[in-house]
């Protein structure tokens, strides 16, 4: 059965919870929809975190990011929502989500939000 | 009223039909769906052509490329279809469509088709 | 009705005022006029800020930057004025405006001003 | 007295008319206005030619390109007009004009026209 | 059931056999073993071809390249063998295999073989 | 006799134990196996450390990294194990291991762990 | 009347003395003469400063840097002299002069001096 | 005794006159003076040739290029003169001189002349 | 027993003599001595060839290039000698040797010779 | 008389001892010999320092680095020795020596040592 976009994120146990170490996941394959015009937007998403008890399962991360494909979302809002969802799912010691959006109106926008 | 994805392409008169000259349009904002897995694919599309009586209207090109967003399409097939549609719409003296797809299974694929 | 250059900047509510996060907008499409010679100058403008209650609305930012097209402005002055106008419009927690000017007399100039 | 934009192009004698050699002039400082929306467009212009009896005087070329600043012009049209004007002014053995336009609607466009 | 390395290559029908067009597949994930020392070698493999009746199925290409992981193979030999196997599998109108090997003894080697 | 992959790491005396200085070793030639799918994974490994009494012998490091070739290992786990093994072998004043993995599911992952 | 090289530097009033902001001027067009061999040396000069009451007038900076064209000057000395002259002329809050010299004897040299 | 700029070029015997082979010399250290304004101009000079009986002696080439330091010269003229002088000095089978000039008036110029 | 520099080159049988294919070997580790000054020179050497009955054995190529370490050699001469020696050793269908030398007197030199 | 490699380093008076400023010298022309195999090693050496009473004379630095050409030296050891020799010769306020070695066994190594 093929995969489906999904808003749920899977956490798996951190293999080395006794150490502060950093994981970074980056994908240029993020697209959502502009809430004003209904037209597609494209971004590269970078997630950097220090895990606590759990790490993000990569396949569920892919399906989670896919779930925005048909959703209207402002740049600033979607960046903070991805951060909130990931923090809720894996409860990292700290995490940063960075989004880098393709040109709109001649302007390139990036947004970067961190927890805590 | 916001724009909509559209399979129709607008042609406008070539301002200099007496000269062979080259136009190149490139966008990293192309996405469609893998017909086997249903998962999104992403590509950069480059269209290079020598116009005859008509040139491609840019906004209609944007809406045309958007129309593949929910469609299942193999890399080789979609490249040839974009070429066929553009050739039918503007009847260029010659045209090349080049697609450059993001990594799948560790492999990057490009496809390039030309008319005539 | 086509858009017009405009000195007014629109602010929209910050979707996540409870968090310090950073937004960066960059455009290579800035041009104004040298007050001494009347000749055009060109710059890339980068605006980085941490929003408080408001964020900058992107279309109004585009029209605002456009409004300098026919105005005489020294590099150092225009950078500080853009910062002042944006600070007045969105009252950010902090903001930096960076301008990177094309070569004049063999010399490349950049200016960077921050609030507070 | 400060310089002014000017549609006239100055030709100066070729110092080596007995040899086919190539001159290339490039500037990222070209801007004109979209005839549909009235909004500014930006391009890098590259002129490559083999002079015959004359070469292009650089200051007049700068003032000539400046003269498009307030003019509405489609990408394909303005490229061919620059070529036509330069061919009329210096009657080169051969010449190519290449324009590389900043992103509009997610699409980057280049146009390249040659004489003869 | 997980995938396995496999020396067999799958061919699927060319969706546009009436046109000469080019497909290029590239992967940095190729490794085999030096027949003299038994130590691992690493290469980027690029396959460029014009299909006739068939195109290469990407998953089978991945499993095929994986099948060299434990095999001893000289740079020149393995490049020609990949070409021979792919030509036998999809009978392309023309094909080039290019391998770019990581440094050994301070020397970087590339090999490029074409059919016909 | 050809070399063999080996889990043991050789330490040689630090030629300048009286000074804190930094050594960095980087190789793009690391490959292991995904524990879930059995398919090969590829990474660039960077080891940065300040030696105490010992430094890492380079040939033993090469054979050590080679020993993961047929082993199933998650990205986060293998990075921490390399760090643990190297810390045990050379007891550095401080050390960081950084792994940069090739794309899986459209996502690039890096992991970075430090001691102490 | 054409410009002349000049050791004098013009200061103009800072348009925003109430704010600490940074100006950076860079030119690859610096040349002087080696005091030992009499042969030409070439450098890129970068001046970064926070103005107080005055900013550097760009044309006088160009003529000032030109004035070194026939002067013998060691790399370390000329960098400190440019800094001293600029500090005397515009009395900045802080300033750095960085020079990056082309290869001599296989060695590339840079010098960086700051005030205060 | 220190070297001096010199308009004379030394030729030394070609060690392999029986074979057509190519030599390329490039230097970013060329400067001359604008004949109109008296201000310095800067260029990278690239000389590519197939020697016949002689090759260019490198030190004499350095002193020759240095000899333009105080001379007024238009871009197109100086390129052709360097070619003429080098052709007279070493009588190559073929030669190309390419000059790449730093920005003037926002425009970058290159000139390329070949013999025969 | 450690390896030694050696002027002899080993040829091994071409695994695919029935096909014209290209091999390229590149190393940045070439050094010899200037015959005039006795000082070291450094180059990147690139060898591209289509083998006939033999291919170059890589270890012997490394030892061969090493053998120039203490030898006086002009750029043009050593390039032709490497080509002559390799042609004698492996009798390729065609071969090109390209050398790219580090800066001397502000000038970068490359030499490229081909057989036949 | 041609220059000779030399282990002695010349110091010349610092022209601006009253100011802390930084000098950086970089050369890609360093080679020594592996003490285990007798084979050549290659590195780029970067020396960064704040001079006190003396600066390094560049020609003596070149001859000093040349003196390692026939000497066996481990990466970590030679980096610390260069630092020790330079510190002894010019007694800088602070100094860093960074060496960046070409690939051996698939591994790139850098070493960085500082005083004090």
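Descriptive notes on the structure:
Per-chain residue numbering starts at 1, and chain names A, B, C, D, E, F, G, H, I and J are given in the order in which the chains are listed.
In this section, a contact is a pair of C-beta atoms (placed from the backbone, for glycine too) under 8 Å apart; a residue touches a chain by one contact, two chains touch by 3 or more.
The structure displayed is predicted, hence computed values, not measured ones.
Each step here moves to a touching chain, and the least such steps from chain D to chain E number 2.
Repeating the D-H interface, with the same residue numbers in over half of the contact pairs, is the pair H-I out of A-D, H-I or B-F. Annotation: 46 Å between the Cα-based centres of chain B and chain H.
Centres computed as Cα averages put chain E at a distance of 28 Å from chain I. A separation of 45 Å divides the Cα centre of chain C from that of chain H.
Spacing of chain F relative to chain H, judged by their CA centroids, is 51 angstrom.
Residue positions of chain F touching 2 or more other chains, listed in rising order: 28-29, 42, 102, 106. The list of touching chain pairs reads A-B, A-C, A-D, A-F, B-D, B-E, B-F, C-D, C-G, C-H, D-H, E-F, E-I, E-J, F-J, G-H, G-I, G-J, H-I, I-J. Interface residues of chain H, counted against chain I in their complex, comprise 14-16, 19-29, 51, 55, 58-59, 61-62.
The residues of chain E lying in touch with chain J in their complex are 42, 102-103, 106. Residue ranges of chain B in contact with chain E, taken from their complex: 74-77, 79-80, 104-115. Chain F makes touch with chain E in their complex at residues 2-4, 28-29, 31, 36-40, 42, 66, 69, 102.
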